[in-house]
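You will see subunit A twice below: alongside subunit B first, and alongside subunit C after that.
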Partner chain A sequence: MLEIKPIFHALCRSKVGAMLLLIQIAITTAIVSNAAFIIQDKISFLSQETGYPEQDIFLFNVMTFGKDVNVTQQFELDEAMIRQLPGVVGAAMSSSAPLTGSGSASDFSLKPAPQESLSVRTGYFFIDEHGVNTYGVKLIAGRNFTEEEVVVTDNFEKQANVTIVSQALLTELFPGENGLGKTVYFGDIPLKIVGVVEKMMGPWLKDSRPDNLAFIPFINATSSANFVVRTEPGQRASVIKQIEEAMLNNYNKRVISRIRGLDESKAEYVAQDKLMMRMLIVLITILVLVTALGIFGLTLFNISKRTKQIGTRRALGARKSAIINYFLVENAMICCVGLVLGVIVALLLGQILMQYFSIAALPPSYIIITAMGVFCMSLLAVFGPAKRAANISPSIATRTI
Partner chain B sequence: MLKMNNISKMYQTEMVQTHALRDFNLNVNEGEFIAVTGPSGSGKTTFLNIAGMLEPFSDGEYFLDDINVGKLNDNQRADLRNQKIGFIFQGFNLIPDLNLYENIEVPLRYRGIKANERKRRIEQCLEQVGLASRAKHLPQQLSGGQQQRVAIARALAGEPRFLLADEPTGNLDSLMARQVMELLEQINRDGATIIMVTHDPELARRAPRNIQVVDGQLADFTLYQGAQNLKNVAGV
Partner chain C sequence: MLLHYLDLSWRSFKRTPLVSFLMVLAIAIGIGITMTSLSVYHMMSADPIPEKSSQLYNVQLQTMDEGRTWWKYDNMPLQLTYQDAVNLLNAPVETNKVAMVRSGFSVHLNSDTLKPFIGGARLTTPDFFNMFNVPFIYGGVWTQQQEQTAAPVVVLSEKINDKLFAGENSVGKMIYLDDLSYEVIGVIADWQLTTKYYDLNNGAFNDTEELFMPFSLLEANEFNNWGNTNGWKHEVTHTFKDKLQSERFWIQFWVQLPDEKVKNKYQDYLLAYMQDQQKNGRFNRKELQYTLRDVKQWMAYNDVVSEDNKILVALSFMFLAVCLANILGLLLAKFLRRAPEVGVRRALGASKRQIFLQHLVEVAMLGCFGGLLGIVLAQIGLLGVRQSYDYYSSLATMDLTMLISAPLIAITTCILAGLYPAWLVCRTNPAIYLKSQ
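The block that comes next holds the complex of A and B.
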């Protein structure tokens, strides 16, 4: 038997405790649903497929201060030497590296600048014919660069004329058609698309088009260069240990620095996001605990305040289950109003976050699941105290307390 | 109707065993009005609690309408209490957040009586105690005497066979006490069996049958009506 009407009337007559609880439930629902969505967003961001075997790739910088060497030739020798090291699968010089937050981007257009045409922003790497193998990406159409296509130059007089692009970039440039073999323009430089890679992320994971990336076969060596090396699985640490010595043995008037795994580099780039995700998890855990404790405490307080009333109800014929039901229904009623309020606040909060922090619209499923979770949590929090109330002896009714 | 055979109630603490009731025997017939008196701590309230199934007894047998109360579980006792017994407490024990109507409705809801029937009974009982116009009032808006009349209405609404009253006039002034007592007498005349615990010898004398509890046992047994008859014969 559910005493909904008298409970409602009783709540209306002593509102303060119920109002406080209701507000707490509303705030919890609003914050938890939005935070849960942001956390889920961060989790999918952090665990997204990048297209690279990150655990097997490492990067390092070379800063050459010696003036008695042709760096372009030296780097060719270095690459060849690294490829000979045991456990190495591929090595290449790359103008920038993926997942690091640092690199170059430009617009690829269907017509040469300054003509107006479809234009798509993309990250790009200047890299030679070893790029595809070294990054371990999967070529799904077309072919790799040939050695002849790679332009090695000390100036920009000669330009590359082919490119390998990611599937995402190709689809955006040529929606609904096969773009392989077609020409795109890098500024006014025509580049024929000779290969398509299934998936490869650019330098910026937080970009709106993180997987728009193009390889351009162009080598313009300078005193500062980035190298990328891929090893056999499990061999990366041992190759990293010997890389500095091996490079300096080849030529010693230079500094080898920032040797780090691609996964480590990515971790550094996403550190803030990870921190934010952890903080949000802590926040919602605390919030839910505080709300649960609030409900628990308020019910205990209500029980101690109503001990005689509970005894009287028992004396008048209430079964223990009726007393438990009373508190569960009372809590459920407060909770329902709090949840309705919480859903409205959650939607408003979602709108504000979307407006000011470029977060996607809060899906209704998050609000519904959070509301259901908060409802269950509140019933669980009230069940213990309600059971305690049910054990109050009916003989309390005849005692003076 | 109510039969207690050698009922004992013992409270046990780590150090002490206290006998609140000891070999208590009592028979109550239908329609009786019994006043239970005795000094403080003698076991009156314990007797009332056991009679009303508010607490278990340690030993003996208790039959209410031939039902062996000792064999019932908690839910069965709650149901039996709800169906057969109406309680009137010294402190009224009205629920402060509920209005008079809702207060009287509480035991009826526990019995699962339908809303229409509840309404009919509540209005009838409020009429009977003279508070029909106050149905929407909260208990704290009434005087002590009025509150006790509401409590009596609540006890009557379930149409119980037994009314157990614990110092029903203990918190009332003499005028209100008299009014409440007259109401109880009227209810008894209408057929309900009443057992009333009281300290007030005046009230006790008005009950046709008096029993006295001393040290947890039935000390004396007086048919007040018989005494009254003798008084009448002697012309006192």
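The block that comes next holds the complex of A and C.
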């Protein structure tokens, strides 16, 4: 029924065309499966949950050059003023901000430095008791800082003695046990863990431990400070509009800069990954189109070469469906060989990418799905020309002989 | 003869416009995609200072205790400690050297006419301008004496000079940085680098700084570091003085070593310096290690060209291979259909060589068209890149090299694809076709 043997013999007579198609299908499969895997990786990186209501939070930097005020007191006044603005849910000074790519990190250890013990690298923010509310993160165990626990100082003589950590950091510090209430060491400073936040990501999404973050209630205002403000949903833009003027009204020997939403800040940080994802999507889309066109063109050419042969077959009683079948089967045969080759090339390419770049092993499912997709695409590309071939009139065969 | 072949090619192009157009399109898409990713790659890896990139060396010293590791494969810290930087500035080797760090200030004129704004600053030693070929419009660099006495002077970028003084010669005028006043002693011309190679800490493609000031002001005025500070052991650094004496890495250091002789001398000096420091209890390790990397090595070491870009370039070339296979198939179809005509020409005395050449000229012409259209597509692609990521805006462009290589790659690809079909068609046996006509 499928007439594989005669088709195979016919193919052997035009090896080059078949080979070309085969190569195209193989390379296409290899590129598309690997690129799809990278795209998927980027998508999950870009759309990951960060723990913050990014749309409602904005950040800005205050650079104070006037020396006639105490910045610590001034910032207290500023925070109080911002909290009074309509639409504002919370405001706080934060030594650095999440998802921005800039901040501080240190080791949290089970014993004070310089003793050796389990140490876990983590990002940390110096922030007061408004931090949890302002960042809109979810406290799942323990409690927030009390006002008394917040150390406001101009020097380093007094240190904070509590901390709120992300669940990820807690689990890494105390695997398999409840770390709430335990003490960790920030250098040689003991900090008791009083609260645990379900999820809050640190400043670096591309860090090896992006989920490790700690709040430390230590306020030591400097000439350059970061502020975080959370607003009611939908109110952010209007608060952003008035923030610079409001801050300068409070005190004007300073510069308010880099006012930006947390989502915008994140978008800036991940822009390169987004670009890579877009370029790969464009690349594979066009690649599939080019390959489909190639199959389409080659089939058309084959048909025009075999017009007489098809006419003769029709004259001898072949049905239209038999002609269509012929081309579909022929294409499927080439495609299958191409796909086998493609799977091998895809695996090789995946190996090479894994060896030279920090890309995980290509899961077989990507190759299988791509192979099936390419197979369907090639059948679709052949179907049009094959239908045209089926419409060749049997009389052609008789006319030109 | 070439003109005749070109004429024939053009006729053949017009005779089968659809197939010819498809071929040109296939090449153009392949070239467009490849050139888009290759251009970004090319600009990223371009030598930012070709005239002396092999003379400028970044200095790295291994100050960490035996057994400590760092994130780079060779465990070398990327920057120097303040004390090492200051000591290396006093090296007895006569050559340009520069220690520097990034900072920033609120810039104003202490009046109500201009709203204060933030300006990025580089605290650096005077050799900086000479070493990195920084062009001046007005004035010049501070003297060694001003450097030693931490004189309150500043060199402005053209952009900031336009903003503060409407582009006039501002040498001798005063500006305020935070709460202190500084005398302008020079203005540099617009100085853009494709890669900010001299400080790769905070983004390799960031703009150069707008203010340049003596390095000694760092200690005198206790300026903040706007770059990276990294430590490798527990140190209490509450005061600025603690930080200056600490083992933290935060200073970039470059040296110009014009030839092997100076380089050897400098290397000897570095070893001697580290041995000397060991007497003070520093460099607590068996094997003393330093690294000198020139500009290109430094860029490669810091992965200036990102992994994503390399993958993209590799995939684009595979894409081009698919296009090549595609063109090959179409060429085969086109040329073989023309076999009867070739048969007649052969019978009339055309040699195989001539037929072969004629067909190669034809594919080269297709390649040329494809390459030109490919440049247009690449420009659209690069526009998309710039739209998507404005940080790449100075990188996502085609320079002359890329503009020339686009048609060259296209023509080469097409000739490669055309070799087999041309060879096939030139072997046509005239007799068969003469018979059937």
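The definition used in the following text is that the second predicted complex is superposed on the first by the 399 of 401 C-alpha atoms of A that agree within 3 Å, B and C clash if a C-alpha of one lies under 4 Å from a C-alpha of the other, contacts with A are read in each partner's own complex, and residues count from 1 in each chain.
By definition in this document, a contact is a pair of C-beta atoms (placed from the backbone, for glycine too) under 8 Å apart; a residue touches a chain by one contact, two chains touch by 3 or more.
Values in this document were obtained by computation on a predicted structure and should not be read as measured data.
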**Asked** Overlaying on subunit A: subunit B and subunit C, fit or clash?
**Response** fit
**Message:** Let me test your reading of the model: by the given contact rule, A:17 touches which partner, first (subunit B), second (subunit C), both or neither?
**Reply:** second
**Asked** Between subunit B (first) and subunit C (second), which does A:158 come into contact with in this model arrangement: first, second, both, or neither?
**Response** neither
**Asked** Once the shared chain is lined up, is A:283 touching subunit B (first), subunit C (second), both, or neither of them?
**Response** second
**Request:** Return first, second, both or neither, reflecting whether A:3 touches subunit B, subunit C, both chains, or no partner chain.
**Result:** first
**Message:** Between subunit B and subunit C, which one contacts more residues of subunit A in the superposed model?
**Reply:** C
**Message:** Between subunit B and subunit C, whom does A:138 touch in the aligned arrangement: first, second, both, or neither?
**Reply:** neither
**Request:** Scan A:28 for contacts with subunit B and subunit C and give back first, second, both or neither.
**Result:** second
**Message:** For A:317, using the defined touch cut-off, is the partner it touches subunit B, subunit C, both, or neither? Pick first, second, both or neither.
**Reply:** first
**Prompt:** Between subunit B (first) and subunit C (second), which, if any, makes contact with A:387: first, second, both or neither?
**Reply:** neither
**Request:** For A:241, select first, second, both or neither according to whether it touches subunit B, subunit C, the two together, or no partner.
**Result:** neither
**Message:** To make sure I follow: the centres are taken over C-alpha atoms, the vertex is subunit A, the ends are subunit B and subunit C. What is that angle to the nearest 10 degrees?
**Reply:** 90
**Request:** Quick one: minimum Cα-Cα distance, subunit B versus subunit C, in the superposed arrangement, integer Å.
**Result:** 11
**Prompt:** Which subunit A residues qualify as touching subunit B in the complex?
**Reply:** 1, 3, 6, 9-10, 13-14, 308-309, 312-322, 393-395, 397-400
**Request:** Name, in rising order, each residue of subunit A that touches subunit C in their complex.
**Result:** 16-17, 20-21, 23-24, 27-28, 30-31, 34-35, 38, 61, 63, 65-67, 102, 113-114, 155-156, 187-188, 222-224, 254-255, 257, 271-276, 278-280, 282-283, 286-287, 290-291, 293-294, 297-298, 301, 353, 356-359
**subunit A-touching residues of subunit B, taken from the complex the two chains share** = 45, 48-49, 52-55, 74-75, 78-79, 81-83, 87, 89-91, 93, 95-99, 102, 105-107, 109-112, 138, 154, 158, 166
**Message:** Help me check something: in the complex, which residues belonging to subunit C touch subunit A?
**Reply:** 19, 22, 26, 29-30, 33, 36-37, 104-106, 108, 116-118, 176, 178-179, 202, 224, 233-234, 236, 238, 306-308, 310-312, 315-316, 318-319, 321-323, 325-326, 328-330, 332-333, 381, 384-385, 388-389, 391-392, 420
